[in-house]
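Below, each structure is written out as structure tokens.
Shared chain: chain A. Partners: chain B in the first complex, chain C in the second.
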Partner chain A sequence: MKYARLIWVNLTRNKRRTILTTLSVAAALFLFVALRSVNTTLNEARDVGSESRMVVRNAISVVFTVPEAYYSWLTTVPGVRRVTWGNWFHGIYQDPRDFFPSFAVDVDGYLDVYSNEMEIPEDQKEAWRRERTAALVGTGLMERFGWRLGQTINMTSMIYSPDQPWPFTIRGVYTPFPGWTDEAFYFHYDYLYEMVEQVQPGWYVLELEDPSLAATVASTIDEHYENSRYATRTETEHAFQSGMISMYGNVGLLMNAVGMAVFFAILLVAANAMMMAARERASEVAVLKTLGFSDRLLFGLVLVEAATITVIGGLLGVVGAKLLFEGTGFQGAGFLPGFEVKLSTAMYGMLIAVVLGLISGLVPAWQAARLPVAHTLRRVA
Partner chain B sequence: MKIPLIYNIRSVRQRPVSTLTTALGMALVVLVFVAMMALSRGFRAAIVDTGSRDNVLAVRSGADNELTSGLSRETAQTITSMPFVARGADGRPLASPEVYVLVSLDRLDGGDALVVARGVSPRAFEVRKNVEIIRGRALNPGASEILVGESIVGRFAGTEIGETLEFANRDWTVVGHFAAGGSGFESEIWGENEQFMPAFRGEVFQSITFRMTDPSAFESVKTTLENDPRLPVSAYLEYEFYAEQSALLTQILNIAAVFIAGIMAIGAVFGAVNTMYAAVGARAPEIAVLLTLGFRPVSVLASFLFEALVIAFIGGVLGGLLALPLNGIMTSTTNWASMSEVAFAFRVTPDLLLRGVIFALLMGLVGGFFPARRAARQPIVQVARQV
Partner chain C sequence: MALLQVRNLSKVYQRDSQAIPVFEDIDLDIDTGEFLVLMGPSGSGKTTLLNLIAGLDEPTTGTITVGGEEVTAMSRRQLAAWRSNHVGFIFQLYNLLPVLTAYQNVELPLLLTHLSKKERRQHVMTALDVVGVSDRADHFPRQLSGGQEQRVAIGRAIVSDPTLILADEPTGDLDAKSADEILTLMQRLNREFEKTILLVTHDQRAAERGEAIMHLDKGVLTR
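Moving on to the complex of A and B:
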């Protein structure tokens, strides 16, 4: 620590360069944190589903439906505790680009099966249950559109007669437990059934008695319906979610590749700055050596100096990203619900900053340690 | 008087490490910018090129995609018999009423994805000029046969000629592969509409596409169709219909490209500023001599700006070269408008490379300005005394 002052003086001797380098590291770390948060958000969305719930859907694709008649047989499958169903509504409130998930669901079943995911006041639960046009809305969505409990809103559906307005009254607001989205919109399947001809469930959700039965239950069901007009595909909710997320394509790879490019670009900037600093100070280093500073100490001093720049820059970038994304409530225009900068991402970012500093200081530090004293001093004189 | 450019070029060569690290930093920015734009261009091209400007596509009134549309046989027949529908050599209308469904196929690299299965009329290959069978043969009417688009051959199981795919409880034999100029059709499976109709959704088409006799008359065709009380349809120019589907994702990718490259550029510009200040600082005596010789401050400013631009230009070209190998690499994503998978290639076009170089030059200009101004304003006497 007794060398802190020396390092500080060295850092402040060319303030402009130090500040510019710090800021470029800050920009890089900001970007890094943003990119990585996209990845963690998508991975988290992948992990939402439970392993003890299964989804039965049309084998051809999730856009096709499954018959209502399957319900009673599904309840008899061994290992299945409860069966409920839902349907994708693709509702739109005012602007189609302001996307949020909306479902027509079997109300009693959903309240039962998802009781550990959503917290709803008892009176609101009742109110939602009793009224056919009532909707249950997540806290995040309420906030996004500034809705109030009891408000009637008009939505349209991308799927069912796009011109027709669908009025809903918000009767319940749920608070999600960790891992569940706060932006979903649920309403009565019966309402959909009444308004649309020829509608049947989009999927069934099965609650299992024991997650270890998943494979057996899946094969029992899929074999049973294999040769019917509506063959099924049964998988755990987790696998189902994961499949939906992978439809984005390989976002992770793209983000990582860009992250690498960012890292190297800034490494070059930082390393260049350190080399310039070292070159200018060659004579000083020679003097220090004459005074008895060891090679190893000088090596260390340059490294610490470089790391100080990148760590300060890193802190600026990481904290800046955290504050900015949290302050603006960034959700990637609805494509990245639940977007947040995780603590692990921030820590990882800081680790990168340290590594960046050490690598960028390596060459100048080595040069300083190897500096021939007599030769350099002669040049100065 | 201007300072000869060779002075700067030699100066740049005097400091190879510093020049190269700065240029390489910019090159990486340009690489990311070009790569992301190439991704967005590729996707857009795949979707946009799907439609032709000579064709009209009609779907159920209000629908903006084929998935949620439905048209009865009567509707399709009424449209086909309209006077503005072009006729083929045999005098029959160039129109293809189509069944549009999604099927889930197994990817060869694991998992599955939704692929468009389009039931077309035998005229479809005449209606769509960009589609041609490149291997195998055409569909036989009445048979359980399909053609597979070139982009998905080799990505999904059972897509080679002679193999069979199972969907809708039937086995379909692959009899050929077709190309469609890199467009979205290449990510589809085509079969006969009369075969797909009973196998999937029953007596209903999802869309009808026809060639117009006079492509410039689209507005009147649209009005006629949409105002005809017998026809519950919305009509689109085929080109615009598909272009609209690519708008959102293209926009997101472009915004991401500008956002990411923009922030990276800030870092790289600061790097360039450092380098140029160091260059100016190290050459203070030289600059003083230049000024003493009678070169005007403006010339010195221009000279150092040029030097920054030389470094930036090297960076831009380098970035472009690094991006070139990406051209043609296939990737895929989901077309959210149709919920189906689209395969497409990165498109690194010459104009994109040019933009990359311009981007780099801009970085050089911004990064070089302040150091150059400093050089131009240098007090001569003091510096000269030091020398």
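Moving on to the complex of A and C:
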């Protein structure tokens, strides 16, 4: 602590340079946190889904439907306990940028198959079952839009008659169990069926008696429909989610590549600033050595000085990102529902800031430690 | 036994493939409490000799012993610790850290000790008082005159009560009046506080303040 003043005065002697370097690090860490949060958000979405549930979809793409007639046969497949179905609705409430997942579902089947994912009061379950235009909404979505139980809202769909208003009454609010989203919107498939001609299920969800039967069930179903007009692809719900996410492309690789590029760019900026500062102070380092400051101590002081800049910059960037994204409710224009800066990402960012400081300070610290005192003093005189 | 013993000291600088000898086989003794002045023309090797004694440079051959400890046999780490305890160095250009106040500059050598903040404060204020700038403790070097800066630098050199004070042209950058005050102060340190001083200068008036004068010229040291 007794050297804190010495470090501080060295940091503040060229305020403009210190501030600019700190802000560079802050901007880089902000970007890093944002990029990593995109990754973690997508990965989290991928992790939603169970290994004991399977999804049967059109073999060509999830965009295409599967016939209603498949339902009866699917219930007879050995190893399948229950079958339900759903459709992607892509509902919009007021602003298309406020994306949230919305589904038309077979209400009774969904309540059975997903009973371990959502907690719903019994009276609200019944209210949702009874009314054709009723909707079941996650707590997060209720909070995001400030909705109330019993409220009627008008939505539109990006898929079905985009200009047509779809009134819904919120009859149920579910609380998700860990690992399930709190921002989903469910309504009756019957309502969709009534409003849209020739609608068919987007996919079927199968609840297995035993997860180990997944491969057998998948091959049984896909082989059965192999030569039909609507060939199927059957996969675990987890794999289905991963497939949905992979439609974004290899976002992880892209984010990591950009993140690494930013890291090295800022490493050079910080290292350059530290080198300049150290070069300017060579004579002072020589004087300190004359007073008895050891090589090791001077090495440490320069290193701590560099790390102080990057840690302050890192704090600004990481905390700034956290506050900004939380404050604005950022959702990536609807493509990143549930986007948040996780504590692990913030910690990782700070670790990078420390490493950045240590690496950028390494060369100037080494130079300070090995500085030839007599030669440097002679040059000054 | 003399406090400082220099034996067969030689220094040769190597510039590319060319060897440039500064001096060869120098012997020097300084007793405890002595005020020795080392004179010589520019480039004669006065500062080099001072740097070698302070352990800031390595001799080509020879030994330097201070208070029974062989400086030339110490590692870099040992030298740093030894300097902080035994050497007070005064520069021609003061070499105060511009971002620190006079107080903080004088406190620097004490940061290497185990003294508490309160004890450091007592030592610093005593040193500033001895050199006559205690009223300037909170001033930065840019707010001080040349003479005051050198007083602060002397305060920094004596604050840890070193065995040996080495002064390299301490009046070289000062006007006559300030130079005279600094020399009087150094005399006082020698007489009143019994400090052993080796002062390097090529100023005859400065040299007259010492108890003995030695000349270094063309690599030869004479009394």
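Everything below uses one rule, namely that the second predicted complex is superposed on the first by the 359 of 381 C-alpha atoms of A that agree within 3 Å, B and C clash if a C-alpha of one lies under 4 Å from a C-alpha of the other, contacts with A are read in each partner's own complex, and residues count from 1 in each chain.
Definition applied: a residue touches a chain if its C-beta (ideal position, glycine included) is under 8 Å from a C-beta of that chain, and two chains touch if they have at least 3 such contacts.
Small disclaimer: the values here were computed from a predicted structure and weren't measured.
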Return fit or clash for chain B versus chain C, each positioned on chain A through the superposition.
fit
By residue count, is chain A touched more by chain B or by chain C?
B
Name the contact category of A:13: first (chain B only), second (chain C only), both, or neither.
second
Using the touch definition from the top, say if A:215 reaches chain B (first), chain C (second), both or neither.
neither
Quick check for you: in the superposed arrangement, does A:351 touch first (chain B), second (chain C), both or neither?
neither
Given the touch rule stated above, what does A:323 touch, chain B (first), chain C (second), both, or neither?
neither
Report for A:4: first if it touches chain B alone, second if chain C alone, otherwise both or neither.
neither
Using only C-alpha atoms, work out how near chain B sits to chain C after the chain A superposition, in angstrom.
11
Hey, what residues of chain A end up touching chain B and chain C alike?
none
Interfacial residue positions of chain A with respect to chain B in the complex:
16-17, 20-21, 23-25, 27-28, 30-31, 35, 59-64, 97, 158-159, 161-163, 227, 229, 231, 233, 243, 246-250, 254, 257-258, 261-262, 264-266, 268-269, 271-273, 275-276, 333, 335
Per the touch rule above, chain C residues touching chain A in the complex are 47-48, 51, 54, 56-57, 76-77, 80-85, 87, 89, 91-93, 95, 97-100, 104, 108-109, 111-112, 117, 156
Of all residues in chain B, those that touch chain A in their complex:
17-18, 21-22, 24-25, 28-29, 31-32, 35-36, 39, 61-64, 67-68, 101-104, 111-114, 167-169, 248, 252, 260, 263-264, 266-268, 270-271, 273-275, 277-278, 331-334, 339, 341
Complex interface listing, chain A residues touching chain C:
2-3, 5-6, 9-10, 12-13, 283-284, 287-297, 373-374, 377-378, 380-381
